[in-house]
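Two complexes follow with subunit A in common, the first pairing it with subunit B and the second with subunit C.
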Partner chain A sequence: THIQYERVGADVTMKCGSMDWDAAVTWTVNGTDIDESHLNGSYLILKNVDLMQNGHYSCYEGSSWHLKYQTYLRVGTPPKEPVLMCRSNNYPKGFYCSWHLPTPTYIPNSFNISVIHGTKEMVCEKDAVPKNRCHIRYLQLFSTVKYKVTLTVTNALGKNFTTLTFDEFAIVKPDPPESVVAKPVPNNPRRLEVSWQNPSSWPDPESFPLKFFLRYRPLILDQWQHVELSDGTSHTITDAYAGKEYIIQVAAKDNDIGTWSDWSVAVHATPWTEEPKHLTTEAQITETTSASTSSFMAPPTTKICDKGAIVGSGAVAVCWTAGLVMAAYSVLFI
Partner chain B sequence: MAGADSPSAALQRRDLCARGIRLAGKMRADVINLLDTYAERQGLDASANVAAVEGLPLAAVEGWDEQTGTQRLLENLAAYRAFRALLAQMLEEHREQLGEADAALGRALAAVLLQVSAFTYHLEELLRLESCGAPSEEEQEEEDGLPPQPHGLFEQKLRGLGVLRELAQWALRSGRDLRQLAKPSPGTGSAPSPAESP
Partner chain C sequence: GDSWGIFTFLCAALCNLPALPALNCSEELGAGQSIQQTYDLTRYLEHQLRSLAGTYLNYLGPPFNEPDFNPPRLARTERVPSATVDLDLWRGLTDNARLAANYRAYSRLLCYLRVLDGQVGTAELRHRLAHFCASLQGLVLSIGGVMSSLGYPLPAGPPAPPGAPLASNDFLKKMDDFWLLKELQTWLWRSAKDFNRLKKKVPPAVVTLRLEAREF
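And now, the complex of A and B:
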């Protein structure tokens, strides 16, 4: 079936096949008759078309109702300059380029990418998913010759292109670190232990080590603290505000070349805090029971007891809070 | 002399590689700084395309991850010996052209030349440890020849830019080469297995 592409805002004239100008015809769009006011003789005139005029147009001879012409009208725009990005997140294996159009054209587009390194043309293998991406294996490493990538986008109404020129090392940007974990440090109210892993897409961290940037702040403040770490995948924060919940993120970069990754997924952690001691002295229990028996509330048994002590010593260990509670009840019911 | 695979040789190799990596990193940082200064003082665009410079060892390599340790060391050694000669020539030209007018640039060039010499010696040590022995400089000069003299002043300046740019790439490559070398290897002179593609 014939498809007719026209630019947004254009005036479109459709002829009814080989019918003469003065022939009696009927035009329909998507099966609905088109008003005669849009006709100039047997020609269909559509002025200043927009997406609303998209559809299946048919022309029938007046008396016999024979189909004389049909077409699908698709209204769109020629492509603007595409946006192209190239990046190596798996150095030294290769790099990928991805692209998109800044504004939609509303009609089908095709993309062609060429990659030239010196005098050599390289093949950029298109990914199945996503469709607007292709990848290249590095054939050479440590070259000072720049790569030139040209992306051309073409549709029925026009074409456009963009070119990127870059050095091998300039586009290296790892993925963010993975599995970031932050934990409080027991008995240390100002410390948080943070650990992470190299991004799984980075193929050889031993020969191409990454360095890391850690940022952290308490949720209640806007200002980040930063720490740069040249090796290792863990760090202990030692200046956390006691009792405050922190948000922590990590980024990665090749030790020598390229740019920092995006920030990792944020993790939250609060430094260790000592559990508050519950003040249950005998005097307090006595005062409470003499004031009002109905207002007496048994203190929570977990406040004083060390869970480890109870678990470890079974029937022998006596939680002194529980003892006090029992004593208080005894007083009440004498 | 301990065999290349003995534990003490392995420790020595690791130690030499670690020091070499640090040397290469420092050298690269200094060369990059010098590159900017050189381009500015010579009135050049630091990113200008430079025509192929005769006698300049190119850092670009195919099949890098498949090279053996010995190959890496030999290629590095040949490169830095060539850079030593090229930088010495640049320094002499600089002194002839400018004399004391740009002493700072002259000192920076001399400092890089010293680092290149030190790194060359370091590579020779590593090759001795690999029980390969370094090819003598006379043999290498017979193979490679001395760097040809550039013609005009502008050509000299562009050539200098190309030399420094390539040296920065070599310093980067050398760090990577030494990291590969420092990995435990299965046998003498054999390369560790390249990482699998993701």
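And now, the complex of A and C:
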């Protein structure tokens, strides 16, 4: 079936196929008759069209009701200059480019991307998901020649394009660190132990190490504190305000080139605080009785689990104090 | 009883490990420190070059100082050693080859830079170039030091520096200068990665631990 694309705001004249101008015809849109006031002879006139005029238009000969012409009208706009972004989050493997249109065109668009490196044209392999994305593998490393990426958008009403030119090093930006965990440190009311992992998309942290930027603040304050770490994937905060809940984030960057990643998922943690007194006395009584008997008695469960420890990527409370206590008991019985 | 005693003794010994003297590892430690120093030097030079290149390109004038300037590479400029390398080849380089490539590259780049220094107009630019050349000389010596401490022979000296410039006209000469700075910049980026790899591969300091045997 025939599709007719027209610009928003245009005046559209539809002819009833090969019928003469003075023939008697009836026009319908989506099955509904169109009033004669919109006709000029056998031509259908639509003025200043917008999306509301989208539909299936048919033209029938007056008396015989033969279908003489039909079309689908799609109102849209030619593409505006597309937005293109290229980034290497997996250096030195390669880079990807992704794009989108700043405003919708309301009609189908096709995208063509070309990557030129010096005199060579490289193929950017389109990703299945997400759709507007393609990736390229580096054939050479440490190139002095820039990459030139041109994206052309075409639809039935026009075309547009944009170009990006960059050095291999300029587009390196890792993904944020993963599995950020913040835990209180027992018997240390001003400390928080933070650990994280390299982003899984970074292929070779051995040869291309990452450095990290940590920021933290108590929820009640607006100002962040920052720490830059040149190696290691953990850090102990030693100046936390006692008893206050903290929000913590980490970002990553290649040690030498490129830009910082976005901030990681935020993690919350509160430093260790001393337990109220009556629970401690209960535990001490249990300890002295189990030393003289042969049966093993677990300390009260209310003291074991570390409520302050929260894993950022899942809601699992870590009960590692229990393990330590049980290990201590088993050593006593060797 | 006795087994508990051994356990406590071992714990105590292991806890005091950092305090034990390192035996027979001064060479490996030396190379490790030199690699770190060479790495730091490349980062310092890269930082210096950023401001120097900006000034020099402004001296050359447009289009060389335009950020989007992306000229095609003319065959004649290949005499300047290129840092560009096939990814798998780069990964597979032996320590010796990796160091030698750096040594050769900076030796030659230094020669060309010195020629540049002799031709430049302003006194300020001459002074900055001279300072940069001195730092670059330090880098070459540092790389040489690492190679020697690891027992590798130094590559043969660079070819005699070019006399009169080979460029036939003023514009082509400026192009040569542009590419020289580009290659230097790229080499400094590459060296940071080269020395990162070397840092991991140089054997760690070997420490011998002597435990006294107890009679049981």
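Here is the rule we go by: the second predicted complex is superposed on the first by the 275 of 334 C-alpha atoms of A that agree within 3 Å, B and C clash if a C-alpha of one lies under 4 Å from a C-alpha of the other, contacts with A are read in each partner's own complex, and residues count from 1 in each chain.
Keep this in mind: a residue touches a chain if its C-beta (ideal position, glycine included) is under 8 Å from a C-beta of that chain, and two chains touch if they have at least 3 such contacts.
What you see is a predicted model; the values in this text were computed from it and never measured.
Trainee: Answer with clash or fit: subunit B and subunit C placed together on subunit A by superposition.
Mentor: clash
Trainee: Between subunit B (first) and subunit C (second), which, if any, makes contact with A:200: first, second, both or neither?
Mentor: After superposition on chain A, A:200 lies in contact with subunit B alone.
Trainee: Would you sort A:187 into first (subunit B), second (subunit C), both or neither based on which partner it touches?
Mentor: After superposing on A, A:187 lies clear of both subunit B and subunit C.
Trainee: What is the contact status of A:208 with respect to subunit B (first) and subunit C (second): first, second, both, or neither?
Mentor: A:208: touches subunit B and subunit C.
Trainee: Looking at the overlay, does A:119 come into contact with subunit B only (first), subunit C only (second), both, or neither?
Mentor: The second partner, subunit C, only.
Trainee: First (subunit B), second (subunit C), both or neither: which does A:256 touch?
Mentor: In the superposition, A:256 contacts both subunit B and subunit C.
Trainee: Which partner chains sit in contact with A:148 here, subunit B, subunit C, both or neither? Use first/second/both/neither.
Mentor: So A:148 only meets subunit C here.
Trainee: Would you sort A:1 into first (subunit B), second (subunit C), both or neither based on which partner it touches?
Mentor: The answer is neither, since A:1 touches no partner chain.
Trainee: For subunit A, which residues lie in the overlap of the subunit B contacts and the subunit C contacts?
Mentor: 92, 139-145, 169, 206-209, 256-257
Trainee: With touch defined as at the start, can you tell me which subunit C residues reach subunit A in the complex?
Mentor: 3-4, 43, 46, 68, 70, 72-73, 82-87, 90-91, 179, 182-183, 185-187, 189-190, 192-193, 196-197, 200
Trainee: Taking the complex as given, what residues does subunit A use to touch subunit C?
Mentor: 92, 118-119, 138-146, 148, 165, 169, 206-209, 255-257, 334
Trainee: Okay, in this complex, where on subunit A does subunit B touch?
Mentor: Those in contact with subunit B are residues 90, 92-93, 139-145, 169, 200-201, 203-204, 206-209, 256-257.
Trainee: Looking at the complex, which residues from subunit B come into contact with subunit A?
Mentor: 25, 28, 58-62, 64-65, 165-166, 169-170, 172-173, 175-176, 179-180, 183, 194-198
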